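Two complexes follow with chain A in common, the first pairing it with chain B and the second with chain C.
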Partner chain A sequence: MTAALPAVPMMRRKGVRLALRYLIAVLLVIVFLFPIYWLFMMSFKTPGEIFAYPPVWYPKSLQLKSYIDLFPNGDAATVLNSLILAGASTVIAMILGTMAAYSLVRFKTGGENLAVWIISQRMVPPIAIVFPVFLLYVFFGWVDTYHGLIILYTAFSLPYVIWMMRGYIEDIPLELEESALVDGCSRWRVLWRVVFPMARSGLFATAVFTFIFAWNDFIFALVLTRTEVTTYTVQVTHYFGGQSNFWSKISAMSVLGTLPVFIAVATLQRYLVRGISMGAVKG
Partner chain B sequence: MGRTPDRHFKYWIVAPAIFLLLLVGLFPLIYTLVVSFQRLTMTEADTSFAGLANYIALFHDRRLWQSILHTAIITVIALPLELVFGLLMAQLFLDHMPGRQVFIALLVLPTIVSPIVAGATWRLLLDNHYGPINQIIGFFAGHPTPLLWTVNPYLVYPAIIFCEIWQWTPFMFLILLAALANVDRSQIEAAEIDGAGYWRIFFRIVLRAIWPVMAVALLIRGLDLVRIFDIIWSLTSGGPGTMTETTSVYTYLQGFDQFETSYTGAIAFLIIVLLTIVVTWAIRRMGLAK
Partner chain C sequence: MADLKITGLHKRYGHVPAVRGIDLEVPSGEFTVLVGPSGCGKSTLLRTIAGLEEAQEGTIEIGGRVVNHMRPRDRDIAMVFQNYALYPFMNVFENIAFGLRARKTPVAEIETRVRRAADMLGITNLLDRLPRQLSGGQRQRVAIGRAIVRNARLFLFDEPLSNLDAQLRDEMRSEIKRLHQELGRTMIYVTHDQIEAMTLADRIVLLKDGLIEQAGSPLDLYERPATHFVAGFLGSPRMNFIPAKLAGNGTGMAVRLADGTTLPLPGNRAGLSASAGRAVTLGIRPQHFSRDAAQLSGPGAAQLSVKIELVQPTGARAFITFPLGGTPVMAELAAHDAREPGETIDLYADMNRAVVIDPEGGKVL
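What follows is the complex of A and B.
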């Protein structure tokens, strides 16, 4: 009995420590989520509430007018453009990147030099890329087209995809591929039927980031779109004015563009966390 | 299947990726270099050889060097703060606690918000009249504080850095959390038995173990920071005046607002050269080169 006595303050100290950790954790969540809360609430406010002083901390009712305003003139369709561009470029980059990574891993194509050259492509800042690409696209007539931006996003994501998928492909047991080859499968068939399915979790983790990169892009879309394939990020900036900003539209458009990614990430949470940590450990 | 298709297989599967990288990576680089020696503007197709004129002009372009300074200021302040805050948050969530995954899931959200939206959101928050932040400061100060965050030269950098830190600290946090979780516990326990204090263990064992991951995280974030564009665009638009104009913003304005094609080519090339030098140096210093 006496032996248990010193354990009581120990336990209490542990309890206090845990409570303190919770307190800090909750405070952190409040600080980090408050901006997002404010943005979302702003989109549901009436014009009177938006320009109220002192500011209104939550709207009295959920006004959907800011959103409804975005539909008749096609502003909301820019989210669809973002979806098409990010979706298509992600799929293409995953396929081409995984194929290239497979070649680098299994056949040591180009050796270490090729791998280093590929990753060095990512260090060039977009502003240095976008300027000559714009001149090239004017020449091809690719400005303000879907394929123009899809090609650019794909190319910009490829180094990341190749670098990440190398790690995942290395983990696939060689015997699986060999036995498929012995069974008379062609190399292409092995790639589609063995490598891609086996690297599935890696494909998802990498695809989440590839998608978010293209979805969040602003500078490429700003330079290379006019009216046809405007993305939602560019659309948001259209509501900034010299004197006053259209906050109801800015916030509603921002929420429309943010929500799909939040939902996607919520569904793919475990892949996202793994993607970030793997990227640092292996990349 | 015969042997011949097999032998070329490894080239076939790598070719499309290489082709795209050459088209959008190497081609623009070479083209930029060519253009930078000409006298091209968007309105005048003067392709005559200009020699080094554009490059000499770079050295007299005060706005350019100031934009490089602005970019450096933001990077040098934001990067260490993100690292330290990310590390502290990772320490907080390292040990198991009920609901840990939910906290992590919520804290990651700022990172996936588009930077252009992040900038717009902070412009909302920091509005001198309708923004909540001045309200909160005013509440603690006891009197109204109509701070002009995006206009006042002393407040505009803090505004940008708040936004940066808010958006990217969670990214650092996730990476460092994964790194800390991988640290070998037995080494720490052995040091504890030897009577080593918390800080000694942290600097001698933990920090050393997570350094490779930390270095990569710093490199990724550093490269993002030196190209900073979106947040500036929606938060300050480079203002007041050109006070927060970063190199990316200035280059954009030269190319697509002033239409100085050849000169922009020279700027782009200068950026690439400077960045290559700095990154190579950084990779060597951090011991990342194999």
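What follows is the complex of A and C.
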């Protein structure tokens, strides 16, 4: 008796392997998406449904009470705060960072050392400096102010923006800029008319990640704000009480907090993918 | 007044000299070609003229004004780049209009000038397209259009045809020549291709190692090269170089080759008599051989009997290779004059056109 290949014909073997792959993929998707789905659903459930056992997979009707409750006391306004802080710091960091990156690439400002030093700033764990910064802010009177946090988020985002934009700008053919210089552009006009449009995908990708970093920040917002400039990340923690947690508020607030980033990434998706892959492949 | 005047120009990259002392004057309306092998400094020279590189020493004057410290945009120049440098996010119209917009030209005037340039280059039907929808030749036309729309005093071309295939290059070469005739502007053109140089130039400036080896009309450099380098650079196929010795020949001078063949030099070379016995290099172009003595440029034909080693037909002409003086030599003949490899034929060498080169310094004697 010869040891032969399994009697299963080739096509069926391929079909089984494909089905297995799909199964694993579906399982992974469920594992990753389920918490988001649950959070979403929880925000529409009544308190009774939240704690029900066996679990209610889909509420009988979509209750908006959890959301409505967020508005009278200004809880929802914290989302606006986050938007202002993350938005402003992203815009400022992108403008300053791109200009700095351009200078590093085209004028070789500071040589190789400056570029590496800048990115090394990113290696500082935020928690290591949050208290010294707090003391500094007390001295300046910047605690619990919009500009205080905007400055901080900008400072923290700049190394990342400079590092990313440096790569994108290096990919722009020098001849395009030289041609613009000969044709009549000043360096500023070259930056605005040639560099920005050419690096558009990179700009969007970097901006989105910069925004997300500021948006998700908790430690700085916690230490450096009190009552005036509460961000949504801090606000959510207010619903965790000593004896009980306001799950409906927690979930509604979390959904509200996730929504802006969701929308931003969904609309900018095609720039994002191009931007990320462009940065990956050089030349 | 010269449109361009360069005096004593030196340019280094760090410690590496790229341009080592160049003086050049380009009169208005002339088409000057800077040509030379890679690394000779021609692109560096062009970019320094444009203001994209800074010279360490020397002056550059455009239209009588010293422009050394002026920004590129103030130097009254337009430039066409090797890789077209078209903005991929703008259509053809916007690409051509870019410079005009940057200089705040009125909208109506932009429209007129862009359309006129497009008509001149035959790209009017492409004005709405994006660069990625164009072929290489079309892109180059757009790049040229962007330059000519600006009415600059000086036009600079940095190897604009290097990226095109051979057939397209021939077409575009004629385009550029025609444009120069129509516009009559001063043009400075950089290339490594000696055929482009010969066909386009009013004047060729041949560069080597950052210095001007020889400057003159194409025919000047071709017929009367000053050095071995110039003689070997221009002309396709390359000039043949054969080691030889100068010898007295009764009435005049001659060159004696390693295999004993003696080729008499025409009477006007009598000035070499003082150097009899000296080692030289004989330079003679493939085109200066013929089967028919009457075809040569005058008395001074040397008769040879040669054994053909190789035949390369190209249609109407054929290149034959044969040993002469111990060196493989190529001759260009009419196709019907060539024979088969192995056969021996009679050839006449036009010694009027030949050059005698000092092997030490490379200078033509």
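The definition used in the following text is that the second predicted complex is superposed on the first by the 258 of 283 C-alpha atoms of A that agree within 3 Å, B and C clash if a C-alpha of one lies under 4 Å from a C-alpha of the other, contacts with A are read in each partner's own complex, and residues count from 1 in each chain.
The working rule: a contact is a pair of C-beta atoms (placed from the backbone, for glycine too) under 8 Å apart; a residue touches a chain by one contact, two chains touch by 3 or more.
Note that this is a predicted model, so its numbers are computed, not measured.
Trainee: Does the superposition put A:131 against chain B (first), chain C (second), both, or neither?
Mentor: Once the two structures are laid over each other on A, A:131 reaches chain B alone.
Trainee: In the overlaid three-chain picture, which partner chain does A:178 touch, first (chain B) or second (chain C), both, or neither?
Mentor: After superposition on chain A, A:178 lies in contact with chain C alone.
Trainee: After superposition on the shared chain, which partner residues are touched by A:71: those of chain B (first), chain C (second), both, or neither?
Mentor: neither
Trainee: Per the contact definition in the header, classify A:140: touching chain B only (first), chain C only (second), both, or neither.
Mentor: In the superposition, A:140 touches no partner, neither chain B nor chain C.
Trainee: Would you check which partner chain A:58 touches, where first means chain B only, second means chain C only, and both and neither mean what they say?
Mentor: A:58: touches no partner chain.
Trainee: Applying the touch criterion given at the start, work out whether A:107 contacts chain B, chain C, both or neither, answering first, second, both or neither.
Mentor: So A:107 only meets chain B here.
Trainee: Just chain B (first), just chain C (second), both, or neither: which does A:262 touch?
Mentor: The answer is first: A:262 touches chain B but not chain C.
Trainee: Once the shared chain is lined up, is A:198 touching chain B (first), chain C (second), both, or neither of them?
Mentor: Only chain C is touched by A:198; chain B is not.
Trainee: Looking at chain A, does chain C or chain B touch more of its residues?
Mentor: Looking at chain A, the partner in contact with more of its residues is B.
Trainee: State which residues of chain A lie in both footprints, the one left by chain B and the one left by chain C.
Mentor: In the superposed arrangement, which is not itself an observed complex, chain A uses residues 186 for both chain B and chain C.
Trainee: Spell out the part of chain A that touches chain C in their complex, as residue ranges.
Mentor: So the residues of chain A touching chain C come out as 173, 175-176, 178-186, 189, 193-194, 197-198, 200.
Trainee: Over in the complex, which chain C residues touch chain A? Could you list them?
Mentor: 50-52, 71-73, 77-79, 81-83, 85, 87-89, 98-99, 102-103, 146, 150
Trainee: What part of chain A is in contact with chain B in the complex they form?
Mentor: The contact residues of chain A facing chain B are 18, 21-22, 24-25, 28-29, 32-36, 38-39, 42, 50-55, 57, 96-97, 99-100, 102-104, 106-107, 109-110, 114, 118, 121-129, 131-136, 151-152, 154-156, 158-159, 162, 186-188, 191, 212, 215-216, 218-219, 222-223, 232-233, 236-237, 240, 245, 247, 250-251, 254, 257-258, 261-262, 265-266, 269, 272-273, 276-277, 279-281, 283.
Trainee: Which chain B residues qualify as touching chain A in the complex?
Mentor: The contact residues of chain B facing chain A are 1, 5-6, 9-11, 13-14, 16-18, 20-21, 23-25, 27-29, 31-32, 35, 89, 92-93, 95, 97, 103-110, 112-118, 120-125, 129-132, 135, 166, 170-171, 174-175, 177-179, 182, 213, 216-217, 220, 223, 226-227, 229-230, 233-234, 237, 247-248, 251-252, 255-256, 261, 264-265, 268-269, 271-272, 275-276, 279.
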